[in-house]
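A, B, C and D are the chain letters, set down in written order, and residue numbers restart from 1 in every chain.
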Amino acid sequence: MSNEDRAAIFTYGGGPVTVSPRTLAGFGQPVPFEYDPSYLKRFKDVERKVAEIFETDQDVVIMQGEAVLGLEAAVKGLCREGMTALNLVSGIFGKLFGDWMRALGVEVIEIEAEWNDSIDPADVKRKLDEHPEIELVVVVQSETPSGTVNPVDEIGPIAHEAGALTIVDAVSSFGGSPVRTAEWNLDITVAGPQKCVGGSPGLSFVSVSDRAWEAMSSNPGAPRSSFLSLLDWKERWIDAGRKRFPHVTSVVDINGTDAALDEFLEDGLEESIARHDLAARACRAGVEAMGLELWAAREEIASHAVTAVTVPEGISNQAVISHIRSAYDVMLSDGELGEMIDRVIRIGHSGPVSRSLNPIVALTALGQGLSDFGVPVEIGAGVEAAMQVLRQPVEEDGAAAFA
Amino acid sequence: MSNEDRAAIFTYGGGPVTVSPRTLAGFGQPVPFEYDPSYLKRFKDVERKVAEIFETDQDVVIMQGEAVLGLEAAVKGLCREGMTALNLVSGIFGKLFGDWMRALGVEVIEIEAEWNDSIDPADVKRKLDEHPEIELVVVVQSETPSGTVNPVDEIGPIAHEAGALTIVDAVSSFGGSPVRTAEWNLDITVAGPQKCVGGSPGLSFVSVSDRAWEAMSSNPGAPRSSFLSLLDWKERWIDAGRKRFPHVTSVVDINGTDAALDEFLEDGLEESIARHDLAARACRAGVEAMGLELWAAREEIASHAVTAVTVPEGISNQAVISHIRSAYDVMLSDGELGEMIDRVIRIGHSGPVSRSLNPIVALTALGQGLSDFGVPVEIGAGVEAAMQVLRQPVEEDGAAAFA
Amino acid sequence: MSNEDRAAIFTYGGGPVTVSPRTLAGFGQPVPFEYDPSYLKRFKDVERKVAEIFETDQDVVIMQGEAVLGLEAAVKGLCREGMTALNLVSGIFGKLFGDWMRALGVEVIEIEAEWNDSIDPADVKRKLDEHPEIELVVVVQSETPSGTVNPVDEIGPIAHEAGALTIVDAVSSFGGSPVRTAEWNLDITVAGPQKCVGGSPGLSFVSVSDRAWEAMSSNPGAPRSSFLSLLDWKERWIDAGRKRFPHVTSVVDINGTDAALDEFLEDGLEESIARHDLAARACRAGVEAMGLELWAAREEIASHAVTAVTVPEGISNQAVISHIRSAYDVMLSDGELGEMIDRVIRIGHSGPVSRSLNPIVALTALGQGLSDFGVPVEIGAGVEAAMQVLRQPVEEDGAAAFA
Amino acid sequence: MSNEDRAAIFTYGGGPVTVSPRTLAGFGQPVPFEYDPSYLKRFKDVERKVAEIFETDQDVVIMQGEAVLGLEAAVKGLCREGMTALNLVSGIFGKLFGDWMRALGVEVIEIEAEWNDSIDPADVKRKLDEHPEIELVVVVQSETPSGTVNPVDEIGPIAHEAGALTIVDAVSSFGGSPVRTAEWNLDITVAGPQKCVGGSPGLSFVSVSDRAWEAMSSNPGAPRSSFLSLLDWKERWIDAGRKRFPHVTSVVDINGTDAALDEFLEDGLEESIARHDLAARACRAGVEAMGLELWAAREEIASHAVTAVTVPEGISNQAVISHIRSAYDVMLSDGELGEMIDRVIRIGHSGPVSRSLNPIVALTALGQGLSDFGVPVEIGAGVEAAMQVLRQPVEEDGAAAFA
């Protein structure tokens, strides 16, 4: 059997991420009838657990498709022809938001940063001051294809103060970086189970503020009786006492996601954020010590979820990734979408692979793979630098064992 | 632990259906990166296997949400403001199609049958003759909430001859009754893994004829850059060599569905259809012998997937279902949607529960449950009648063992 | 795929029993190193949970082979050449005990009951009075092949009073009937996970009193440095602080058994005993109403774990069992060992299949199978009689729903 | 949740080894009745697959307990009081064999090598020439606690030529090094699923030659009617047409082992041996480049399954192992038994962890762990040396992608 007939032994990509055995067992649980009391209870539990990670008391809708469904639903729910929105673009997902809004007839004002950089909140404030007609600010907290983040902690309050609603793409920050929906006054945040909480793609998590529900309800173009409709969930599920779903739900995804969230919350949100940060720092230290270049312009804007490495001149990232997969049974990823596709190789460290020495495997695979293509790489130095980040002192009683 | 803290021991509902251990193990498999070669291969395998069950060579799109997504995508892909469509309504899903089309500005002509009956193909022919402007015929092959079927084998060719495209909702017939897409000239058939093939909700299977692709491509209103877009799948996936997905796919659903389809196809499509038919006949014989009434007006239009039983006068189906779940740990279902909700109790016999003596459990639970509410029910007679259908002769060598 | 290429859909045999999905997931958990702290903890947890079901505070040894290992280890640990033992024989396992003891040079006195009957405690008292040299009383609490039980609640105290040690085979009573080790003064009780607690064969549970440990320690012939040695477990594991196992343990069996015990104990021991009793009563009522004959001479000595049905004259139980498996995908069992093999067909109702309407499936399969061989069977009457046992009243609020 | 409440993320110990997801799914399969036709077929399949890896046509017995059961059964089956045996001791398992045989009254002649060295076949030949009364030669092919091997390929034929029977402990060589039972004339070889074939402990694989069966049958002391009896398996199972087991089998272990063997054989025996060799060489290169010392005296006698590293002076291996587990979530192992316990730290690379970059994780964990205790370790150099062993050239078409 070739190693291409089964999944790679180690997967470190932009996502879907490696899923823990406990969560896999969750996906493999028996499938109940959708109105079995145990399932209704579970569905509501998932909503509650997601809200806990969003750090919000507002409504959370679990839409039944991968997070891009939630993003599209949020935009289509809030956007009206002729309204003005401020779109903050620092990568491919930001660009996609602009395309969607323009197609809906929205007047889109954009602030664009370099795709290895992030949005300056001062620019946001200035733009909102200049354009009091702006009703909506759209921002990607973590641009997964670039491995960079935007300061939503500052942008959220600025937008709120200016009276604009916000849509925040928190897909790859959710669970790995703070997403303080309430504290930051975010109106719609969208995430999914398939990154830092260690689930798998298939659901959208959407938190919606009362102000956002009002805007949506009064928007004649907001999807209704549709797979894309947040309002269906509000009217048929939430407001009707959570007894009937607006359409059939993805039972297996709910089962597995519930297990992932349990595992996540037993460890704790703060612990998870710290762990993702640690793994990311180890990766970055390793990449630089190996003599490679990080895509992110600055350390402070690098993602906790994924580390993008600039592809060395003259090298095809596809060829390297394919060789690493075939020779070492390790799967890394490219830039995945649009203009990012061939500019980076990404090491994912979200979910279960944020633990233990996974960054060492990813760094060694990347280093060796590039070295096999003739790129000079200091693998040993990379591993040592990463271990300087990951190393932990011997505990008292352990130390005592040392003569 | 109350029995409401876990799934019922036996589930016989309209769906999601009970899933086999082998398929559950499929759902619990490791989650690969989406562009791992093993996953790309699997995704294409799923397409091929679905086409085999649709009995077609045309394109099959695996959309990443439950079958209602595929239904909505088909309607939005083919419908244009001002066009004329013929909608065949014999139940709640037929009604939903009409609502969707009217909301898109389609001129909808409807033929409506009683909701315990089916559409007469002669009426379809007549209507098409009267209205040559009809471009599209929409029909539900198997109305799951009512447990009734429409003769798509006749309607498909009639519509095709009249030059109209067809959209067929084959969700609960797929795998349990013939869906001869090619032979019957069906343009778009929509199904899902969560009924007779024994998977779980979360994907839409959509077969699309070349004629349908052409109509969609030239429809300016067809969804594009959207979760609802079939064209995205055609342009970014199929026509581009099946290398990149238009958006992130539901990996766990694909993994499990692949396992379900393998198990299904190893048994064989014809064997599965025969087995679903047998289970359905046993259920109907049992229901009638117990002294209860079938919802379907006639035996010939009863579904292979689910048997709807008319709720006896003065009885709340909810109360009975809830009592059966709590007292006997068996989950049956109501009519699930709209006007059907409180009119029937349904016994599902799709997928794994089409096997062995599952109909006996369902019949006994239903009979006892109703009896507990004071309805006179002949449980023993029902079981014996069902066994008359299921019984099999002793094989030669077995018989020889009998003195 | 023939239905003989996979496990039967429904399994109701003497054992191994059907295992719940949750326990199966336990078996499928990752395999840790044996001295991983999580595994050491789990192993000790299993010991504690088993002691809880044995209702004892004395040591529990988890031997690493199916329960017959524990039985052999108990006999070899306590028996010395020339000692006198009283063996109570009411079935095949009782007979096996006698063979083992005689092979070890023990003077064996036996009380034998008919194999469809049970031992009279008064006989035990009389024999102990007559033979004050008896040091050991050996008894099978539940003879699985015959589906009958002995009154260990009376025999245990009688033996204790007479100063004899006891070995009790509680394999198929454990978890389904009371096994009050402490209260009844039992010295060694042996059980396993594969019957009423819903696990799978592969481990022996052995509770050992201090008196039994003393006798074993002073027995020069007791196994040492052997897979059969209880003393190895005492000396290398228990007395040494539970840090190193005497030999490699069956990690997967421990993982799955721990899950089974959790599921069992969450429901509760008393609840489980009541449920096994109910299922057994339903089976017996059904068997008799169908016109078939129970093997057990009297209702009071029938097992909670398994119901043995006398094979009708002129019928081969093998042929019937094989036909039922092939025609209805239901697996029943024969008498399994020695002289019992062809005398009965057994319906197992231990573990998960003690729940819900499983007895109905087993009864219907048995009835139809025999009927297919020409035996006159009242299947409907059997199902109705069983349901009279299983039926439960509608709860208040449910009843209210009835007009 | 502390990381001690669940299994370590990475396990590299002497065994039980990490088990692949596919094999874990095998363990989690439904549990059939033992005489379900599907299970009888599976049991026989397992025998056949084991014989294939033993490279033999002789009988294979699958005993129902961890491999030490098979070892004890082999010794007790072949040994008689007063006979003479040659025991080859190069480690703790060799020593154990001697103890067992002496306890049975065997005249044991021993050749003992240093425990980091191996037996010289010339010594075996000389001893057999000197002692023509030797009837049995006992040898451990792979001493797991020391990570060293003996040349059974030479010893087997020498013993055979001298007319002696052989018992070979092949537990940790089976599947990772050649075990040519037929070609080398080995009479009894004992192995288990829990090392290089990637299963879990709970079964013994025992191949038995006709000559060995004869010797056992004529041995009055050979176990009979016992968990330890190979003869029970021969008489009640093999000779009786493989229809009834001598006692209840460990169904879950058989299920999972069958899956492990399938996965193993699909890859191929030769491929597996090459892969285990490669992982072992990478580990040894890494250990030496880090400045640490291998336990094995010479490269040629180092095991493919496990690499033992000498504990640096003044360091407690327990403290280091415990620190690595706690700080890095990686589980290594000590010397496990008797005198080996505190002399080494072992890196296991058997089964699934022989794949991909697992050796890098183990080496980095070991290196960092020792470094944390103040031992000077060149981690980077170790990783680079290991990668020099593991590196693979870029395939043609990949290379072409490099400018």
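Keep this in mind: contacts are C-beta pairs under 8 Å (C-beta built on N, C-alpha and C of every residue); 3 or more make two chains touch, one makes a residue touch a chain.
Since the model is a prediction, treat every value here as computed from it, not as a measurement.
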Let me check something: if the centre of a chain is the mean of its CA atoms, which chain is farthest from chain D?
B
Report which of C-D and A-D is connected by more C-beta pairs in contact.
C-D
Whole-Å distance, chain C centre to chain D centre, using C-alpha means?
34
How far is the middle of chain A from the middle of chain C, if each middle is the mean of its Cα atoms, in Å?
52
If you average the CA atoms of chain A and of chain D, how many Å lie between those two points?
44
Where in chain D do residues touch two or more other chains at once?
6, 8, 21, 24-25, 28-30
Residues of chain D that touch chain C when the two form their complex
4-8, 11, 13, 15-19, 24-25, 27-39, 41, 64-69, 72, 96, 99-100, 103, 194, 200-202, 225-228, 247-253, 256, 325, 331, 333-334
Quick one: which bits of chain B touch chain C in the complex? Just the residue numbers, please.
1, 6, 8-10, 21-22, 24, 28, 266-267, 314-316, 318-319, 322-323, 326-330, 352, 355-358, 360-361, 364-365, 368, 371-374, 379-384, 387, 390-395, 398-403
Footprint of chain B on chain D - complex, ascending
21, 25, 28-30
